[in-house]
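Next come two complexes, and both contain chain A; in the first it sits with chain B, in the second with chain C.
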Partner chain A sequence: MSQTTAKSSPKISLLRVLGPAHVWALGVGIVLVGEYMGWNFAVGKGGAYAALIACWAAGLLYTCVAMIDSEVTSTVAAAGGQYAQAKHIIGPLMAFNVGLYLVFAYTMLEAANAITVGFLVDTVAGMSGHSGIDQRPFIVLSIIFLAWLNYRGVLATLTFSLVITAFAFVAIIVLFFGVAPWNVDSPLKHVELLGNQPALPYGWLGVLAAMHFGLWYYLGIEGTTQAAEEVRSPARSLPFGTMAGIITLLIAATLTWYVSTGLMPWEYLGQAGVPLFDAARLSGSTVLMVILGIGTLFSTLASANGCINDASRAWFSMGRDHYLPAWFGAVHPTYRTPYRSIIFLVPIALIFALGAPLDQVITFSIVSGLLGYTFMPLNIILFRRKWPLDTIKRGYVHPFHPLPAIVLLALCGVTYVAVFLGYGTQLVSMVAFYIVVSLWFHFWRYQFVSRGKQFTMPWPRPKGY
Partner chain B sequence: MDIWNMLEYAAWGLSILFGLHMIYDWYKTDSTYSEDVLTSSREGELEAMAEHHKVGS
Partner chain C sequence: MAYKPPNQGKIGQVIDVIVLLALTIGTLYIPLWLGLAGAAKTPAPIENPTWETLNQSPVAVERWNALGFADPASANDIITARFDYSFAMGELLIMAVVVIGYFFLIIRLSGKEYHEVIAEKFGSQK
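This part shows the complex of A and B:
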């Protein structure tokens, strides 16, 4: 890998070595595990068709997220992604909160992925006749190995993600062609499984409840922006990678729903641990079973890998701006990674992976993500108002403004209700947590922030100021 | 002891190795370079940095 002579250089920075394919791998890699597991709890909440409605409603939400993010991040090419956007467009308190949303959303998702790795190893061991395996060493190894990989350099990390994410996506396509829906001998039984019962067994309330896990199809695509400081051509690569990513996920999510609901009764599907793997087993093909088994493991590792990358960049950025102790703003002189932030987040992920229930960890991640999505409509409306299109050159301009922002805000509102229905206490607790840390930041931490230096973009003065 | 028990021990062993390697490198880096150098990264200065970037062997 290319490197500068670090000892003689007065400055050490992150390296610009990534291309659009790495951006795609970062975004899709974090999310694709949601197709392999987790999305199907939406089926349990409201039935198969409710999960499909949630799939497309959440798809609309995330398309808005991708469009808005692509426009803003093509101008704010800094590590920290939405944190850096909030800092420049709204203000320090919003930025501090957004930074924490990002760190918690990704670190909790990483923990959930590690728990899943342990579950997968246990499943395979069970299939080979060994029961009662200790899952902990596999959970710990997945977190520490991926942290080590992230520590050693971003190019190797995201190239690894690119390979295993591409395999996991192709595996879904292979499954679709493997069950050959156009063939009369296809194992898909949609008519038998879905035809003789109410389309929405729990009515529209079930659809609302399904939205909670409907996010799982796409949660994390916004993580592409964290690569902004390490991508070679951010104004081109970030919008391209992000939009290609959301298109990939819309295809993968719809195919996943279609194949899974055609092979399993919705009552079973709604509780399955690894639905796509189960679908492959039910297809009767050993080859498909092996491919989807590997795909499940790869998607889980790709997600945890991307989460470590993104959480550490957000934490590093806040340290660099003194929103957190400046010690976290260090860059490794050889590997050019935010090594202290990577190491610091390892024990936090381990504590949650080894000591918290999976659904609570997932909900922690979802709510933190949702709070971040709520910030985005406000962000883009203020961005367009303060810096109209003719004042700053953008790498991408999203269409129909402010419609995507309004749709995103409305869908976030619906999803808050859905989360409140299932995990009301946790939602309220987390909002209380963010209020407390906001007070800490406002009354104590902000005195350490150099107020002028934190605004780094060479933008003109905002309109009206 | 079957293959799965051996894999458990291997996973523990590899976890310790990767963890210790990171901690050793962290200690070595922090004791080799000054804090000013390690925390010298600044948002928005990357374009200027890229011009000084040299491809090494």
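This part shows the complex of A and C:
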């Protein structure tokens, strides 16, 4: 990340040291928690098979996201990802909104992770005869501890994340091999658990509704573009690393679905707080239960850690550009972290982690992500129109334009309807929030923003301007 | 001539922070707190439930027991809870208008700001 103060320090350029494998690890690392919790609410919204269809449809949505985002990011190779893209292609207000999408998608995900930690502790305590413990101290402790780690410095933070993410990833593979689906005495009983139930309890409307939480399998994979300035060969590494990440998650998501639906009734799975831990409990193996319990804890902590890192950087960037009060654009004199942004976002995460149910907090995160995905097709269409292919050198040109943009826009439309089914008020309240803050920005805040400094890429004047 | 933004004082910055916090909590948290938003999933428990009337197979019963639900009554709410997906077309239209209107608003207002950015960066077109 670029660590400069808002006022006087020189801008330090970032080292280009990352390859495709790093991009893959960045993407999978932040999203992995989606396999441990949250995805299963898709089962609750439409049934087991609806969740699987939604998982694959969401995979198609994210393939379009990766194709489009790879082209723009490999050309706008600046830290900040979609926020920097929006500044150059659509305008400051869009960039302000995209920055907020990132902040709220990640802050709500952080809150969801903290809720899961509390729920896990409660479940384990209940199993050992201490049911009904107060989850709140564990939620508060998780958020405060990770905020403190981020406050102290990014290196220790990322090292911490890398280790615990690797463990959480291996734990899923161990669970799959542990239940040995190829064995006749495997605990997986799909026929017995799903055979006497209607395949689609809500019909095809349930499949549509399940698309809402289907996004949770992959939400955040687009965060790979945040590292665009630190990638050795963006043209090769970004598309390759991101697509490999999506394929990995698609396979992991299908395995997770397969193991979980074969171990527990879908009605339970559809509302479970820690489904993979529950799956391990039902496998009959204490070792698997311990590994998946630790895996759940580690994946939530790693994800929350990445969320604090990314959300605070996005908030900091907006402070540095004066989209938000410049006070947020300061760097800690010793630790060189955006400490004011980190501290400011802590109470917001706490309010939602302590005061809202998991599915609703996840929905806020998903809606912010969804608004960001809706921005992407608009972004690529305007990008190609303002700078046709022969006007600037692109690192990567995605094929079949505008087909991926049209498919992405259509799938986003479907997902809005999916969220509307069951969570309509939350959808409208979140969009209302973005409308109000957009008006606040345009009619008040924008006066503090330098105009020409918003455009830093060495490109020619956009066509039509 | 390049636009020179005014310097914002400390009090102005504090007020902006308070406004942002109020908007965040006011529009996102208060509706949840008042119970106006959230999942429309409600249990429809049946009277004197048995595992059979709850349509649970023997394997499912074994799994419910392992998860800590010793009798059908304890799992009654979870098994019978369903979303109500009935909606009025007017509600769907309102949602569509809000979302499309939002994107129309920001693309339009961003476009006006973008003209200023380009004019200052590249100079005005003759």
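Assume the second predicted complex is superposed on the first by the 403 of 465 C-alpha atoms of A that agree within 3 Å, B and C clash if a C-alpha of one lies under 4 Å from a C-alpha of the other, contacts with A are read in each partner's own complex, and residues count from 1 in each chain.
What we mean here is this: a residue touches a chain if its C-beta (ideal position, glycine included) is under 8 Å from a C-beta of that chain, and two chains touch if they have at least 3 such contacts.
Nothing here was measured: the structure is a model prediction, and the numbers come from that model.
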| item | value |
| --- | --- |
| Partner chain in contact with A:376 - chain B first, chain C second, else both or neither | neither |
| In the superposition, chain B vs chain C on chain A residues touched | C |
| Chain B versus chain C as contact partner of A:172, first or second or both or neither | neither |
| Which superposed partner A:274 touches (first chain B, second chain C, both, neither) | neither |
| Which superposed partner A:422 touches (first chain B, second chain C, both, neither) | second |
| Partner chain(s) touched by A:430 [first = chain B, second = chain C, both, neither] | second |
| Contacts of A:326 with chain B and chain C, given as first, second, both or neither | both |
| Contact residues common to both interfaces of chain A (with chain B and with chain C) | 326-327, 454 |
| List of chain A residues in touch with chain C within their complex | 44-45, 90-95, 97, 126, 189, 192-193, 195-197, 201-202, 205-206, 209, 263-265, 267-268, 271, 278, 281-282, 322, 324-327, 344, 348, 351-352, 355-357, 359-360, 364, 374, 378, 416-417, 420-438, 440, 442, 445-452, 454-455, 461-462, 465 |
| Contact footprint of chain B on chain A as seen in their complex | 2-7, 9-14, 16, 77-80, 84, 121, 125, 128, 130, 133-134, 137-138, 140-141, 144-145, 147-148, 151, 229, 317, 320-321, 326-327, 329-334, 339-340, 343, 346, 453-454, 456-458 |
| Touch list for chain C against partner chain A, complex | 2-3, 5-6, 8, 10, 12-14, 16-17, 19-21, 23-25, 27-29, 31-33, 36-41, 55-60, 63-64, 66-68, 75, 78-79, 81-85, 87, 91-92, 94-96, 98-99, 101-103, 105-107, 109-122, 125 |
| Interfacial residue positions of chain B with respect to chain A in the complex | 2-4, 7-9, 11-12, 14-15, 18-19, 21-23, 25-26, 29, 33, 35, 37-46, 49-50, 52-56 |
